[in-house]
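Think of it as A, B, C and D in the order they're written, each chain with its own count starting at 1.
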C-alpha cells in the first residue's frame, strides 16, 4: 500500500468489491460516515462488516442491504437505545438474513491488535465464565505453556479493506489521529487495503509531537479529503458529536419506510460534499 | 430531605459506594451519573476511565456516548482501545467496574445479549461490549439496576458476564481471582453477596420501601439479612449537584441542531 | 501503587531488596543511570537484572557484584563494542558467576507487553529457525488453535521493581515520556513496584498532547527528581547522549582495577546530585 | 574514480541495492552508513526505521547508538519498542532488513551470539538483539560483511538468525514465507543465493579483486556464477556524500566532552 489522493467515489470503487470483508472503525469519535454513504450509493452487496460498535453507520449499511455478515461486540445506539435496522435484520431478516459473529470488546480490540501485528490469532484473558464461547466457534481456549493458565483465543482481524476517518493528512500522505484514537491505526495496519477520509490535507506535519498517533504514507491506501466526513460522529478540534442526530436516528430507523426515505433523500441523492455543511452546524 | 426520586436515591447510593482513591471503569447511563456525582462531591480525586481510552476524565456534563469529545479534553491521558483493554483493564489496574443488565440472577451473573434463544431471539439486545472482561478483571463490581420481576430473574437467558457463576466458589473455578459483584444497588435496596453461598441478600432498605415491594420486584426468592440497615437518604448537596449535572447535560445535548 | 515523592536513597532502600528481580529500562534514551549508582552504593546483592540492552548501566551493576542473573537480548556497548564486565562475568565468573537467560529483542518487547497486559506469557512469531530455543527453556512453542501455525511463547516479564527515567512528573505524580519511549511504560505497568527518576517536577501537564505517553500517578511508585539522572544516556529536550563517555567506558571497563577505581571514585564517593553537572556539560 | 577503500566500495554497493520506495530496518555501523548514503543520493524518499522506534528518520550524522536523539528529532513518527517489533516488523511492513554477523555460513545463517560452546563460550558476543526476527519478518535481507576465513565459515557455532537453513526449501519448513538473504555484499564481491540450492554464489566481483582473494577470504568452497559481472565502482558524488557523512559524524561524536 502507498498513499494515493483521490475522490471518495474513486476510493470506494477502486478498493471495495462485492463480498469483501470491510472494517469501518472509529470509536464514537471519527466514524467514517461519508464513506459509509458512498458504499451504499455504489450498491455494494454481501459485505462482511466488522466493527466493535456497529452504531448508526452500520445500521444504515445493514438497512440498505449491503451486509451479509456482521462481526461486532456491542450493537446499540450509544446512550439512546437499539439499532432498529440491525435488530430488524437479526430478528426478522429484513431486508434479508444477516449472519452475526459476536465477541466482546476485549476480544475485538485484541483481534485488531493481532491483525496489525501479523499474528494469526489473539490470546487474552477473556470470556471467563461467559457464554459466548458456546455460540461462537471462533472463540477457543489455549493453555499457557508455562503456567497452564487457560487463555481465550480469537482469530486476528485481517479485513480486505479498512475505512477510517482522521483529522489530517499531509501532502506526502502521512495521516494523523488525535483524541480518542480507538482501533483505527490497528484496523489500517491489519487490512490489505484502506480508505482514509480526512478533515483536511495540510502541507506538512512539522508541529506534530514525536509520539503522535500516525500512519506513514507507505502504510495507507486511498486518502480523500472530506470535511465533516465523520458526521454525526465528530472530529476533535473540528466539530462536536451531533448528539441530537443520534437521538433523532431512533425515530428515523424505527420504521422501514421512514428509514428508506431517509436513505434515499440523504444518501442516494446526496454526496460527500454535503458533509461540510454538517460540520459547520456542529462547530467545536 | 425527602424530596427525591427512586432513581436519585439509587444514583446517590451508588456514588457513595465509591472512594476517593478508586480507579473506576465507567459505563454510560446511571454508572456515569453515579461516578461523576462521587467526583463532584466526596471523591474529588477519583479516577474515571471510559472504555474509549480516556483516563482520569472530568467531564462537566454527562457524555451521551462513551467517547464524547469532552471526555478526552478533560482527561489526564487518552490511549488506544487495545491499550485500554490490554494494559489497563486486563492488566488489573482498575479497582471498580460498574455494570447494569437487562437480566440479572441472584449470583450476579448478567445478561445483556438476548432475551430468548440466542439463535432465535425474542429480543436482540446490544450485546456484551466491554462487560465480559470488566466483570472478571476489575477489583470488584458494583451492579446497579432498577428492580423488576422481568429483570431480576431466577435464570437468565444468556450469561453475558460472570458474577458468582453457580455460587459458592464457582467464580474461582474459571481462573478468576477478582472479587466479583460486591454490591447490587437498586431503586429499592442494597443487596450484598452471602459470605459463603454468594447469592445476594438484602442488607439495606431505602427509606419508605417495604419488604413486600422488594419481594414483588424480584424474580428469585428474596433473602433478607438478620440485621438490615436503612439506607441513608441523599443529602441536599448531593441532590443539588446531581440535578445540576443532569440539567447541564440536558441543555448541552439538546442545544445541538 | 501510588506516586510518592522522595529521595533517591529512600526510593531504593524502600523498594529494592536483595534477591529482587529488577528491570531498569530505557532504550538508549532515558536510561536510569543515577538509580543504578544508588543500587550499587546500597550494596544490593543477588539481583536478577532484566533489560533488553544491558549496556553500560548493567556493566556497572554486574562488575560491582550486584547481579546473580541477567535476562537480556543484546549485551553490547552500542556502536562501541563489548561490555567487558558482562563478558568477564560470563566467561571468567568475575566478580562471581552470572547466570544468563537470553532472548531476542522481539521476545523481550513482547514479554514486557504481556507483563503490562496481565498475561502469563507472550505469544509471537519468533525464533523461527533460530537456536536460542535449544539453550533457553523459557522459550516454548504453541499452535494457533485456528490455523495450526507454530508460534513462539515466552513468560511475561513481571519484575519486583521497575526503574525508569522520564522527562517530567507533575505535582500529582503523573509521569510524561517523550521521544524514544522504549519499553518504559510497559516495564512500570508490569512491575509490582517502581522507581521513576525525572528531570524535573512541574506544576501541571496542561499543555501535554491528548495522546502523550504517560503514566498516571496511581500507576507509579517512588518519584525522584534527579536532573541529569540518565547521563551518559540522554533526555530528549534536556541534554544529548554523551557518546564520548560511551567510547571512554570501553577503556575504563576493560581492566578490573580501572573499573573498580572508577566505581569507587564516581559511584561510591558520589551521589545523585553529581548528575546535574553532567547534564549541563551535554546540553541539547 | 579509483581512489576509494574496500569499505567504501562495500558501503556504496550496499547503498545501491536500496530502492527509493524501500522501507528499511537499519542496524548500527555499516548498514546505517549504507542506508543513509542511499537516502542522500539516489533514494531520497527511502524510509529508514531503527529498532528504537523511529520511523522515517533522516539523521544529518550517523547515530552512534540505534537510539540517538537525532533519529527521533528527524523522524516522521516515534513509536514504542513493543509496537515497533509487533506492528511494524512482525506485521510485515518492512521491505528490507540489513544484517551483519560475526560468523556466516554459505546459506546465510548468521551467528552473533557466541564463538565456541554456548554454555562455555570462547568469546561471548552481544547476542541476537533484533536479528532473529528481522531475519524472518522483513521482505528480504541484505547481508553486509567483510570477508575472512574466520567469519565466512563452513559451520557457524550458533544459529542466531535463520538464513536458508540447510538450503533448498529448508527456510520454508520453519513456516517462514519471506524471501531471506537475497544478497551478500562483501568488501570483495557480491554473492547471491543459488536459485535452487540457496547456497551463495559469487555473481559480481569488485574491480581489482581476484578470484583467489575471494577464495582466500571464504571458509567454504566458493562457487562462481557462470557469468560474473564487475561491480560498478563508486561514483564521485557517492564518495563525496559518504565521506562528508563520516566527517560530520566524527566531528559530532568527538565534539562532546
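Rule of thumb we're sticking to: a contact is a pair of C-beta atoms (placed from the backbone, for glycine too) under 8 Å apart; a residue touches a chain by one contact, two chains touch by 3 or more.
This structure is a prediction, so every number in the text was calculated from the model and none was measured.
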{"item": "Shared chain contacts [subunit B and subunit C, defined touch]", "value": "A"}
{"item": "Selected pair, greater C-beta contact count between A-B and A-D", "value": "A-B"}
{"item": "Mean-CA-position distance for subunit D and subunit A (Å)", "value": "40"}
{"item": "Inter-chain centre distance, subunit B versus subunit D - centres from mean C-alpha coordinates, in Å", "value": "57"}
{"item": "Chain centre separation in whole Å, for subunit B relative to subunit A (CA means)", "value": "28"}
{"item": "Junction residues of subunit A, two or more chains touched", "value": "113, 117-119, 124-125, 149, 179, 181, 186, 210-213, 236"}
{"item": "Multi-chain contact sites of subunit B, meaning residues that touch two or more partners", "value": "72-73, 78-79, 86, 90, 137"}
{"item": "Chain pairs in mutual contact under the definition given at the outset", "value": "A-B, A-C, A-D, B-C, C-D"}
{"item": "Complex interface listing, subunit A residues touching subunit D", "value": "2, 113, 116-119, 174, 186, 189, 205, 210-212, 214, 216, 218-219"}
{"item": "Subunit C-facing residues of subunit B, complex", "value": "21, 23, 47, 55-56, 72-73, 75-79, 86-87, 90-93, 137"}
{"item": "Complex contact set, residues of subunit D against subunit C", "value": "28-29, 51-54, 63-69, 71-73, 78-82, 84-86, 89-90, 109, 113, 118-119, 121, 123-124, 126-133, 135-137, 158-162, 165, 171, 174-176, 253-254, 256-257"}
{"item": "Subunit A contact footprint on subunit C (complex, rising order)", "value": "117-121, 123-125, 138, 140-142, 144-147, 149, 151, 153, 155, 177-179, 181, 209-213, 236"}
{"item": "Interfacial residue positions of subunit C with respect to subunit D in the complex", "value": "27-29, 52-53, 72-76, 78-80, 82-83, 86-87, 90-91, 102, 104-106, 109-110, 112-113, 124-132, 135, 149-150, 179-183, 185-186, 213, 234, 236, 240-248, 281-282, 284"}
